[in-house]
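You will see subunit A twice below: alongside subunit B first, and alongside subunit C after that.
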Partner chain A sequence: MLEPRPAPGPLPGAPGPGVPEPGAPDELVEFGVEVRSQWRLVLGRFFRHRLAMASLFLLALLVVVAFLGPHLSRHDYTKPGPDLSQAPSIHHWFGTNELGIDTFAQVQRGAQRSIEVAFLVAFLSTTFGSIVGALAGFYRGWIDTVLMRLTDLFLTIPTLAVLLVVAARYRGSRNSWIPIVLIIAGFTWMPLARLVRGVTLSLREREFVEAARAVGASNARIIFRHILPNSLGPIIVNATLVVAGAILVETALSFLGFGIQPPDVSLGLLISNGVQAANTRWWLFYPPGFFLLLFCLAVNFVGDGLRDAFDPQQTRVRA
Partner chain B sequence: MGGFILRRLAISIPLIIVSSFVVFLLVAAAGDPLAELRGNPNTPKSTIEARRHQLHLDKPVLVRYGMWAKGAIHGDFGRSFVTGEKVGPKLWRAIGVTMRLLAGSVLLAVLFGVMIGVVAALRQYSKFDYLATLFAFIFFSMPVFWLAAVLKDVGIRINEAVGHTWFFTVGEESPGLAGSFVHVWSDRLGHLVLPALSLILIQVAGWSRYQRASMLEVLNADYVRTAKAKGLPPGKVIVRHALRNALIPVVTLVAIDFGLLLSGAVITETVFAWSGMGRLLITGLQRQDINVVQAWLLVSATMVIVFNLVADVLYGYLDPRIRRA
Partner chain C sequence: MAGSVLEVENLHVTFASPDGPVKAVRGLDFSIGDGESLGIVGESGSGKSVSMLAVMGLLPRNATITGSIRFRGQELLGRPEAELRKLRGGKMAMIFQDPMTSLNPVLTVGFQIAEAIEAHRPDTDRKGRLARAAELLDLVGIPNATTRVRQYPHEFSGGMRQRAMIAMAIANDPDLLVADEPTTALDVTIQAQIMAVLERAQEATGAAIVLITHDLGVVAGTADRVMVMYAGRAAETGTIYDVFGHSRHPYTLGLLASLPRLDDTGRERLVPIPGSPPSMVHPPPGCAFNPRCPYARALCKAEMPVLRPIEGTGQCSACHFAEDLNGARPT
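Let's look at the complex of A and B:
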């Protein structure tokens, strides 16, 4: 949105986006055997991906630091202390701000908020995008036309304009983060809807869908039990991109003053508060930024490992 | 080809109209442009009323949209609510500033992105490849404004260290800039370095990945094997047979991204206090200055649509198989 970013493209190990694997006919969902072994294959490939596993570990560590850390710390992110504007020390790992609030405590609390925003946005926009895409691809005809024109419209409306305008209404409220989540989710579902529509268009012609229909499965059952589970590869990979993207949008909004509002804290808010101090009190500006960078890096590498795991046939390329 | 372009433009026009209508409603609902005036207890009621009437705020939203649209069709974007300036010239100035930032940055970013992508693909799994990958992932995971602010901070520290302004960190030119042509443009170039660098780093990250993937795909193609088998020198195979084909998807991606960037590298412009398209939007939104926002929207939506079209036309031109399909 803000500055356009093409998807980072695959790592060495997997050129090409996650394409659903052929095979594993879905009528076997009911009997379980085949499908479970396909999932085991995917998971096995993922667990063998060293970089992805290391990133997953880092991700877990960051989440633990953000959510458990504050319970073990003496400092509170709201309570000013006697040490004003101190550089990092044994007592204050990341220093303190001009009110004497411990920066490390603030970073932990901000990370909690940012992580909550990221995962909630990813969940909502993935659910909505998949359903819109599956409906459009499955029913085709006028439903497809209406849903896809709607998707186009959402793509033409400048996301930032809507985010800024709507976010302005929630300025200064303590629960500002919930509307922010809804708004960001409302403008990140479109690429996935297009992707799932494309996958659905090809899946609906396959024999296992025909077989399901022949045994009398309803349209809803075909969509939710047969088509969507078979599109899970690209959906999951896309969801990881949205997690990282949502955090970046949240920070950008907070920087422009339209995101999370004080007294609530988020990483974006902390960085934008620290921008002015970057030159004199660097500890207010750099720690939240590095936390954010590490988190997004870990998420992106995990996503890349998942793409490899779902899409193994393109792994090795001989030039 | 002409028919195709016309058809595509015809589909886009209703989209722009609906989009401009939605944004108009949103901005109109966002708040009261006269809040500041009302907040001052010394303002007489009659002044507020007069201002309301002058800005047509006493009319229903639909009527206001109609009035705006009528003007816009005739090329009149109205006046800014806040300063009373005509929006048209303001818009042109902003486009000029943003173009100055984009022209060079995009060119350099394409150059570096393509080079890094091609080398990474040719030496897949080499040290260079892993380094390029790491670089791409780092800049892809970095909030734009944090990167911009870090560059600004580093620039200021260097300036302090050498005791002399090497890097300009505020604005697109020095205030009150005048003098010879050379003087003016060297000053502008100096202001360009840091914001351009932050744009380039992020675009190179994305485009180099894309170029690498596309190049890998082409290197596996039968016609490249044929070219090698018939004994062409490797350089010729890479440049004439592989690269030319691998560039096709990259060129279209760059065209699409350029259209998006024209609506303003909002964050970069804000951090470095450039008064380009991005800033125009932000300040317009902050003051509920509806005419400014609407004009910005028209330009940005048109650019996105035009450059998407350019991408499609280029694709068809570079890869005739697409045209026939």
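Let's look at the complex of A and C:
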């Protein structure tokens, strides 16, 4: 998305250059060099990315609704009420299901679970994938061979089949969502590992890595201080894709009945329950569906904005 | 010159390649004393960078290094990587050719200088390191150093980045500073400034400097001694005055003849050295320079000349007929 041009400078007749505008930062020093910290730079660029900011706002709103809502709502996602299968109304914003449970409360609870799963998966798989990729790309040789064949092996295993088997094993246990997180994370780190390996292979030949070695930096320092921060762009973008992907995998699992188990709910479970009612009682199907859609879109746009913001060489949206 | 910082003896560096082993350095001897500056000149591929990378222990794993490299009397070859790491950036530091790519673009300049300090003195605190980084930037002539330490490399110009690289190299008060073509990637007008900064850095630290370059003018302006390299061997060594004024090696003479002179009448043509540098996979037998040498005789093809002191001069030359040459330009 192209940014609109910044507001035009002083109009003809207005004070020319050299006259500081009122409100200009005081720390402008004689060479016109402004004091800017790394985070201010990154955040400054991010804040200028309108789509990303809008998405971040939406994301925050969805998270707040999911986590704060149940405390404010009168309805409980487990308690059936007297109003059975009602259309949305002032009392039940998203209507009720055939047991009289408030759909809004269920969507909130389901979104909580799904968001927790998604972010935990993204954190675990990003950390693991980045480290595997960086080690493989940096050390090359047999370490690379072992790690990458392992990655290939994981890529060849049909994720859903394994997920179904393992999920079935933990079905019904109280914290069944934790094994689900571990398994989804265990099958989503491979693309990132390959990506980071590729980036590392090119970064390790860069002169600043040699320069770092020449000042006596250890391998660990080079990997974590020089190579990984330089691959942050692809890592972050991939992490956001994983967030969106994980929520979809979790949804698919729950849809098939192997994910989050009742009485706990997740978006997938709600969609699965509502799918037969999509034509007659639409309020059971569309609210969780839209929540899912909005969440995934917002996450992806935020990732896009972050990628632009973290790249100090990009000039399109300069702070 | 109290003692020598670095002594290199019979250094050979060979790289494995699909065409066979590339003999990049083939028996190099030199030493450098405390606070001395040695210029190493030669064409691309003459082994000047490779030999210093070997000293720093920065060559890739496919390089085979034999011979002896002694730093303050201690043998470096065969030492474990962890010990070399302590030396690198500590007692010996390196400045690279291209300042545009030698700084990490995602870290602030100050952070990178502080990192060089941290790697060798982990007991210092972060604030102190950053303050020291600002001092160093100030020393190398960067205005507003306290502001500049918080900036990123892309906010620095090429000359300023090279200054920052020098600041990083002298951060731990090294005994040996290797500058690998420090001015090649820079604007001509900046080159003199950077050389002045290097000299100031040398004064501040008392380090010996090895200056690798193909710019004879830069060497003449800075170095005490010069070593001319050709095809992985030293062709001639001596003081600037001896080597450039009364060269005893046809290759040096050829290099000098290919330079424009300020004092000529403008009618003389520059004389290039004919031919091109030899293949380092199959270096020519005998003197490596013989296919291009205007004075080559039968002996030159048969026997490899050794670097030997030339009687009556202070320099050493690796030419069978060094005594017959006396600053004469090949015609």
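Everything below uses one rule, namely that the second predicted complex is superposed on the first by the 263 of 319 C-alpha atoms of A that agree within 3 Å, B and C clash if a C-alpha of one lies under 4 Å from a C-alpha of the other, contacts with A are read in each partner's own complex, and residues count from 1 in each chain.
The rule is short, and it goes like this: a residue touches a chain if its C-beta (ideal position, glycine included) is under 8 Å from a C-beta of that chain, and two chains touch if they have at least 3 such contacts.
Fair warning: this is a prediction, and the values are worked out from it, not measured in the lab.
Peer 1: Using the superposition on chain A described above, determine whether A:Ser218 touches subunit B (first), subunit C (second), both, or neither.
Peer 2: In the superposition, A:Ser218 contacts subunit C only.
Peer 1: Once the shared chain is lined up, is A:Glu207 touching subunit B (first), subunit C (second), both, or neither of them?
Peer 2: A:Glu207: touches subunit C, not subunit B.
Peer 1: Should A:Asn230 be classified as contacting the first partner (subunit B), the second (subunit C), both, or neither?
Peer 2: In the superposition, A:Asn230 contacts subunit C only.
Peer 1: Compare subunit B and subunit C by how many residues of subunit A each one touches, and report the one with more.
Peer 2: More residues of subunit A are touched by B.
Peer 1: Which of the two partners, first being subunit B and second being subunit C, lies in contact with A:Leu256: first, second, both, or neither?
Peer 2: First partner only.
Peer 1: Is A:Gly69 contacted by the first partner subunit B, the second partner subunit C, both or neither?
Peer 2: Neither partner.
Peer 1: Answer with first, second, both or neither: which of subunit B and subunit C does A:Pro179 touch in the superposed model?
Peer 2: So A:Pro179 meets neither subunit B nor subunit C here.
Peer 1: Check whether A:Gly198 is in contact with subunit B, with subunit C, with both or with neither, and answer first, second, both or neither.
Peer 2: After superposition on chain A, A:Gly198 lies in contact with neither partner.
Peer 1: Of the two partner chains, subunit B (first) and subunit C (second), which one does A:Asp152 touch, if any: first, second, both, or neither?
Peer 2: first
Peer 1: Find the residues of subunit A that appear in the contact set with subunit B and again in the contact set with subunit C.
Peer 2: No residue sits in both footprints.
Peer 1: Could you please specify the touching residues of subunit B with respect to subunit A in the complex?
Peer 2: Within the complex, subunit B contacts subunit A at residues 15-16, 18-19, 22-23, 26-27, 29-31, 121-122, 124-125, 129-130, 133, 136-138, 140-146, 149-150, 152-153, 156-157, 199, 202-203, 205-207, 209-210, 212-213, 216-217, 219-220, 253, 256-257, 260-261, 263, 265-268, 270-271, 281-282, 285-286, 293, 297, 300-301, 304-305.
Peer 1: Considering only the defined contacts, which subunit A positions touch subunit B in the complex?
Peer 2: Of all residues in subunit A, those touching subunit B are 2-12, 15-16, 152-153, 156-158, 160-162, 164-166, 168-169, 244, 247-248, 251-252, 255-256, 268, 271-272, 275, 278-279, 282, 285, 289, 292-293, 296-297, 299-301, 304, 317-319.
Peer 1: Which subunit A residues qualify as touching subunit C in the complex?
Peer 2: 29-31, 33, 35-38, 41, 206-208, 210-218, 221, 225-226, 229-230, 232, 310, 312-313
Peer 1: What residues of subunit C sit close enough to touch subunit A in their complex?
Peer 2: 56, 58, 85-90, 93-94, 96, 98, 101-108, 115-116, 119-120, 143-144, 147-148, 150-152, 154-155, 165, 168-169, 171
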